[in-house]
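What follows is a set of notes on a single structure, which appears directly below.
Each chain carries a letter (A, B, C and D) given by its place in the written order, and its residues are counted from 1.
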Amino acid sequence: METTARTDSPADPAAALECQSAHGYIKDKNSYLGRLKDVEGQARGIHKLVEDETYCIDILGQISAVTKALERVALGLLDDHLKHCVIQAAHLGGEAADSKIKQATDAVARFIRS
Amino acid sequence: METTARTDSPADPAAALECQSAHGYIKDKNSYLGRLKDVEGQARGIHKLVEDETYCIDILGQISAVTKALERVALGLLDDHLKHCVIQAAHLGGEAADSKIKQATDAVARFIRS
Amino acid sequence: METTARTDSPADPAAALECQSAHGYIKDKNSYLGRLKDVEGQARGIHKLVEDETYCIDILGQISAVTKALERVALGLLDDHLKHCVIQAAHLGGEAADSKIKQATDAVARFIRS
Amino acid sequence: METTARTDSPADPAAALECQSAHGYIKDKNSYLGRLKDVEGQARGIHKLVEDETYCIDILGQISAVTKALERVALGLLDDHLKHCVIQAAHLGGEAADSKIKQATDAVARFIRS
């Protein structure tokens, strides 16, 4: 049972919980990479705003924008995860599916303030 | 193809997107009902705090508590949805699965500020 | 030094941190009471949705709506708090102002997932 | 009426809404700059995770961590803003104070899903 993502750790029990084939987001990999490059640029921009002693409210606006961009990336990854890894796991059934779903809802919980 | 939740609308195309059997949360129905009764009581309590002209910061604390309680209910329902409706739909395959997953990620998106 | 909200505890040190006059939200008290009545009704509606075994995704939509309504009430109260209690405290100066601002940012922190 | 942040636009009406002296966060400028450097590094790390086709759930965990770090920076800036700019504006009184408070609650609203 080979996993795509962590071939360096074949004995890792967590690896059994990963996707059986390429991760769902791989088909959009370039789009995700581009969006994350933008996020890096935005983070650098916020650093510069503080360096230049910009008005605090303007900085808050930029921080809000970059966290929203990150949240949209996260929602995209979640959607891809459900469409690929969870659906695959559903066909394996039993604990494999339950583990993947627990991972997904735990991941969502970390994004929702609760 | 019968659905549990909206038997009044057999021709409703949306009904085809629902669970094929009892919804996942039904097994915990009483627990959810109890938690929602608590939420109602908390909402009534906040109303009384405003009526009594309580200190604003104390009211904010209560509002935060009740929104957290609601978010925990939502996360529980999401988990049950994925474990039951999405897994069932995975076995039907194709568009049925995709529709259910899109519904789930759309629902999550509404809880994440983005 | 009399406070409006907790006249029953004149020796309560926390009372000194409260507003010196009527709380900021009092002028909109009826509007807040109306909105909180609506929230109670929405909470009752969600209870009924679970009772009727409605489709989980529809329930999630309703929970999202009620938490948004509560968050809007909270933002209104925060705005009123800053405009009245914090401004008053600013004129008193020193620790009174710092305490009130710390309370406000702590309250905000509880609404932001962090 | 000189502002620290945008001396290049003395006639800018928005400048009148800025802080009258150094922004509140300036005293912690180095700490903020360090935290924002960390955020940049985290963003670069997430980019690398996608490049290496890491398991989606692990990426979601990293995105959650970096958005939390950004939110904590935002809360710190908000606190400094209230303690300095808003308190100063309170002493100027009238519209100056109201404008600054409206800016603060608008900024908070963008961080709360509502």
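We adopt the following convention: contacts are C-beta pairs under 8 Å (C-beta built on N, C-alpha and C of every residue); 3 or more make two chains touch, one makes a residue touch a chain.
It should be emphasised that the depicted structure is a prediction, and the values quoted were computed from it without experimental measurement.
In terms of C-beta pairs in contact, which of A-D and C-D ranks higher?
So, comparing the two chain pairs, more contacts are at A-D.
Matching B-C on over half of contact pairs, by residue number: which of A-D, A-C or B-D?
The same interface as B-C is formed by A-D.
Indicate the whole-number Å distance between the mean C-alpha point of chain C and the mean C-alpha point of chain D.
Between these chains, centre-to-centre, one finds 23 Å.
Can you tell me which residues of chain B touch two or more of the remaining chains?
In chain B, the residues touching two or more other chains are 71, 74, 78, 104, 111-114.
What does chain D use to touch chain B in their complex?
Touching chain B from chain D are residues 111-114.
Quick one: in the complex, what on chain B touches chain A?
Residues 68, 71-72, 74-75, 78-79, 82-83, 86-87, 90-91, 97-98, 101-102, 104-105, 108-109, 111-114 of chain B touch chain A in their complex.
Would you mind writing out the residues of chain C in touch with chain B in their complex?
Those in contact with chain B are residues 3-6, 18-19, 22-26, 29, 32-33, 36-37, 39-40, 43-44, 46-47, 50-57, 59-61, 63-64, 66-67, 70-71, 73-74, 77-78, 80-81, 85, 103-104, 107, 110-111.
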